[in-house]
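Structures follow.
Next come two complexes, and both contain chain A; in the first it sits with chain B, in the second with chain C.
Let's look at the complex of A and B:
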């Protein structure tokens, strides 16, 4: 077989080199620590990690929060993407600015703004009480619900944009063809619009889930130490406990989940796109 | 042929009846008081330049666009308030709009499945429809693997398998190359005729409209200028627009200077030209002559003009002579076969029968 160097392929070399040195190498060194025992390689840290009931609770919570965040973001983003795809001129700009501008604000500003909204004497609670819907303030801050709402807000652009891209490319004659062939709006949506926009949904969900499973700042600010997530455990292991093997182990678990999500979503996207 | 506005066939031929349809976008009227009738089994074209409202009319009939006022009646059923999916009108789109996530057979089955037919019950009619368009060998292929002509066949099969009351085709041949286009036109026309399908083609291509239709509605600025058989449109265009849009012609502008017994004598830049018309002296007019009706060997009773040849185009089956254009006038003559006896720069006398002169009064 003749080795043939694609000259265009050479353009990827700087990026690959950068990733190899700055991302892959330190990651491998870090992960190596998780299996480095006193006398050779060991899986003891993994056995310890998964054996600990507290860790199981945190792992499950991390997965649950990431999943619910993804679902909430999806529920809001999906119809929004259609409105955006239909929007023209000034309205499209309004949508894009509304999506992108909050990203530049930073999570910390948002988190403190939310606390004004969510706290017991905050805007939401005073409104609910003055409307007579509730008698007492409801606990909102420091709850998993607040975390999910906050995270979905921060990650919303990562869900909207991939779906928007797919919806915008959707041939508008396709739903029309479906209608003229006798399809009710529901049949048309489930058999044409939804299947054709699923690749965007998969991509957006993979982005959002990956971001949500590894988020650190948002839970630190919204729920604090009360309800830890895997990322917070990692930080605690390295910063306070000085337990590098534990921190590396949790990192490896998180990485495994992320790799699974990426592989699964690209497999799913490939399956969905296979017939095109 | 002035004032021939009978777009309306006798009542017993009324199958599709478009009554007083009006539509405007953002305050600008696209069409106003559109009336249009098609008989059962008829193949009709809406022919006109882009922006004339032909696609708008098609979309209103299909239910993809809501008219501001007016009614669409099909086979005695008023469709005006029905959504597209309840009209039983199939549409073949310009880009075919095949569902990219479905196979050829799944695309064709779509309409039946949407109507609640089970997969098993749909198999037979789908296979028949694919056989009809000679695409049965491609049933399980993804539609992206098909050529333009094959995609069009699938789109037609998909539209016909549901036995529509009316078939609408929006520029169905424009994405095909010239040779394939003609083959597909012949094929599709035969198919629709055999099955007695009533169909409306939307097109900007006069050859296509002439080739596939029983009648053609020539549209301009939201109005039907003339609705007639192709031969009538060509031989007796009702307006300068129709004369220009359907076929080529030698065109002369002038003014009627004499009216005698139904023959108007028109003074033009190239001399007097007679036409059968009752137009009074003083009327500004536009004259037209179809190029194949002009002869370079005129007889005495013919209209005669002297033309300097600007170009001689030998096209094989015919030779086209272009005269030097003066002002808005243009000179075009077609002779059959290859003619080597005419040269550029030569001055020749052209003639044509008085009855072959098309004449239209124009605003002064």
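Let's look at the complex of A and C:
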């Protein structure tokens, strides 16, 4: 049995080797550059980075946008996942196609489409004025709100699919059993359904948050250079400032956040699984 | 029959085939490139239209080269050259003068000589730089692009600062070379000096840029998106835009035009260089020679509303009369640009 496991384990070698060379090795080199000083190892670039008000603003904005994007995607994805889980036949296919097809459309095309939607004489502003909600066009382009809406749209499938997978496996007898014992709909949802679907929520949130915190093209196109994010700072450091230690330091900070999110979500999913 | 099929795919066959396929896939680009007449050219993304329609067919016909363009920003082209210094894959790069200076300092270029590129002898004297390290091939002029449905014209650079234009202006980032024109204008207005002297008054420039913030819808690093908003009428003015982009769009009937403010306009620096150790060096020299020759000069200058660098060519853009054209001290720009970008980004973000 042990022999067989080892041989099966060999199947992972190409994938691990690929990751080691293409992902891990460059990351290690990058991390090394972030602590490499003239006279040896130093943390000066980290001290400079966290001491700069501009970097603090960008770091906080990046975290805030990633968090709000995740929350918006969750609010849309959670009921959608239930609808998909209940759907059958052609309706299920319609849901899946509607979810996956937009992923094949480039972000650049979407960004241009959003600029038509968000502009002062665009559909949203015209509708708000027609309904008497606003008297004059409100600024939507190049705002953080537009960025969060756009990012949630792009990353929605990564939130829906993990929740959908969990909801599909949900034992429908459990809420019914709670109901037969006198539980109200709210009690059934908060004490039975929600806890059982939390592993999917955690996985989807981890996916979405990780993608949102490291996005580069979407903020570049939607909010421009006045509201930079950490990824934009990395590109700026390497390409324009030609400051490799700074770019490596920001990359390390971004990586640390991503690792924390992955580890925390794994721990949380494990805790929730154990409770279930 | 089943036995035969099973034998056809032994473990050894599978491993051998997989290994050959992997090696073949990884080696294919190098093999093909080494054997072909392909030239990889780094150029600006905004040049793609005329590079594909004018340059590529001409080069195939005259020098037999298959041209592959990589359109991006000058700084990204520089990074590509720098990262692949030991094994360059770009043969020729067309980028802006301040970035050319950085490329020369990093020893990434090889000189263009009249022996290998005879057409360079017909260039204006100010179009050849640093003993032939690079040449300017065409020169668009830069001013303020505006939407003709929203405004009748732009008489002065100070129009960008007028309160009536709140939220109606987009300017380029200093990451883009055309971003320098707004900085220079701010220096001129802030210091009260002419452009030739004001370009060194950087503190005055940044103080004046601070006053511009209420009028800005955004700061772009991708020009096509900003220009799209100008065409749609979402903004009135796009600062620092140039003739090779605005005027062809105007000719297509789009409601845009390029203003030449009274204080002066700027000469966009479009350079061409040979990459040191780049593939197909003789073909690369032939490409540069054609780019500097009368046929390509006339065609590009006409298509992109630019001033040709070849003195034997009379085609191209009509430069506005009575307005001074300035070219900044690019060496000064190149040596300070990183610091200015950092300062500009912080000013705009905070």
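Just so we're on the same page, the second predicted complex is superposed on the first by the 269 of 276 C-alpha atoms of A that agree within 3 Å, B and C clash if a C-alpha of one lies under 4 Å from a C-alpha of the other, contacts with A are read in each partner's own complex, and residues count from 1 in each chain.
One rule holds in what follows: contacts are C-beta pairs under 8 Å (C-beta built on N, C-alpha and C of every residue); 3 or more make two chains touch, one makes a residue touch a chain.
None of the values given here were measured: they were computed from a predicted structure.
Peer 1: Answer with clash or fit: chain B and chain C placed together on chain A by superposition.
Peer 2: Chain B and chain C fit side by side in the superposed model.
Peer 1: Quick one: classify A:223 as touching chain B (first), chain C (second), both or neither.
Peer 2: The answer is second: A:223 touches chain C but not chain B.
Peer 1: A:165 in the overlay: touching chain B, chain C, both, or neither? Say first, second, both or neither.
Peer 2: Neither: A:165 stays clear of chain B and chain C.
Peer 1: Which partner, chain B or chain C, is in contact with more residues of chain A?
Peer 2: It is C that touches the greater number of chain A residues.
Peer 1: Applying the touch criterion given at the start, work out whether A:111 contacts chain B, chain C, both or neither, answering first, second, both or neither.
Peer 2: Only chain C is touched by A:111; chain B is not.
Peer 1: After lining up the shared chain so the two structures overlap, which partner does A:242 touch, if you call chain B first and chain C second: first, second, both or neither?
Peer 2: Second partner only, chain C.
Peer 1: Per the contact definition in the header, classify A:191: touching chain B only (first), chain C only (second), both, or neither.
Peer 2: After superposing on A, A:191 lies in contact with chain B but is clear of chain C.
Peer 1: Tell me which partner A:183 touches in the superposition: chain B (first), chain C (second), both or neither.
Peer 2: First partner only, chain B.
Peer 1: Check the residue A:42 against both partner chains and state whether it touches chain B (first), chain C (second), both, or neither.
Peer 2: Neither partner.
Peer 1: Per the contact definition in the header, classify A:119: touching chain B only (first), chain C only (second), both, or neither.
Peer 2: Only chain C; A:119 stays clear of chain B.
Peer 1: After superposing the two complexes on chain A, what is the shortest C-alpha distance between chain B and chain C, in Å?
Peer 2: 42 Å.
Peer 1: Which parts of chain A are touched by chain B and by chain C alike?
Peer 2: The overlap between the chain B and chain C interfaces on chain A is empty, containing no residue.
Peer 1: Quick one: which bits of chain B touch chain A in the complex? Just the residue numbers, please.
Peer 2: Per the touch definition, chain B meets chain A at residues 62-64, 83-91, 93, 95, 97-103, 110-111, 113-115, 142, 144, 158-159, 162, 168.
Peer 1: Provide the residue numbers of chain A that touch chain C in the complex, in ascending order.
Peer 2: Residue positions touching the partner: 53-54, 57-58, 111-112, 115-116, 119-121, 139, 141-142, 220-221, 223-228, 236, 238-243.
Peer 1: In the complex formed with chain B, which residues of chain A make contact?
Peer 2: Residues in contact with chain B: 171, 173-174, 176-185, 187-188, 191-192, 195-196, 272, 275-276.
Peer 1: Would you mind writing out the residues of chain C in touch with chain A in their complex?
Peer 2: Chain C reaches chain A through residues 73, 75-76, 79, 167, 173, 175, 216-222, 225, 228-229, 232-234, 337-338, 341-342, 345-346, 348-350.
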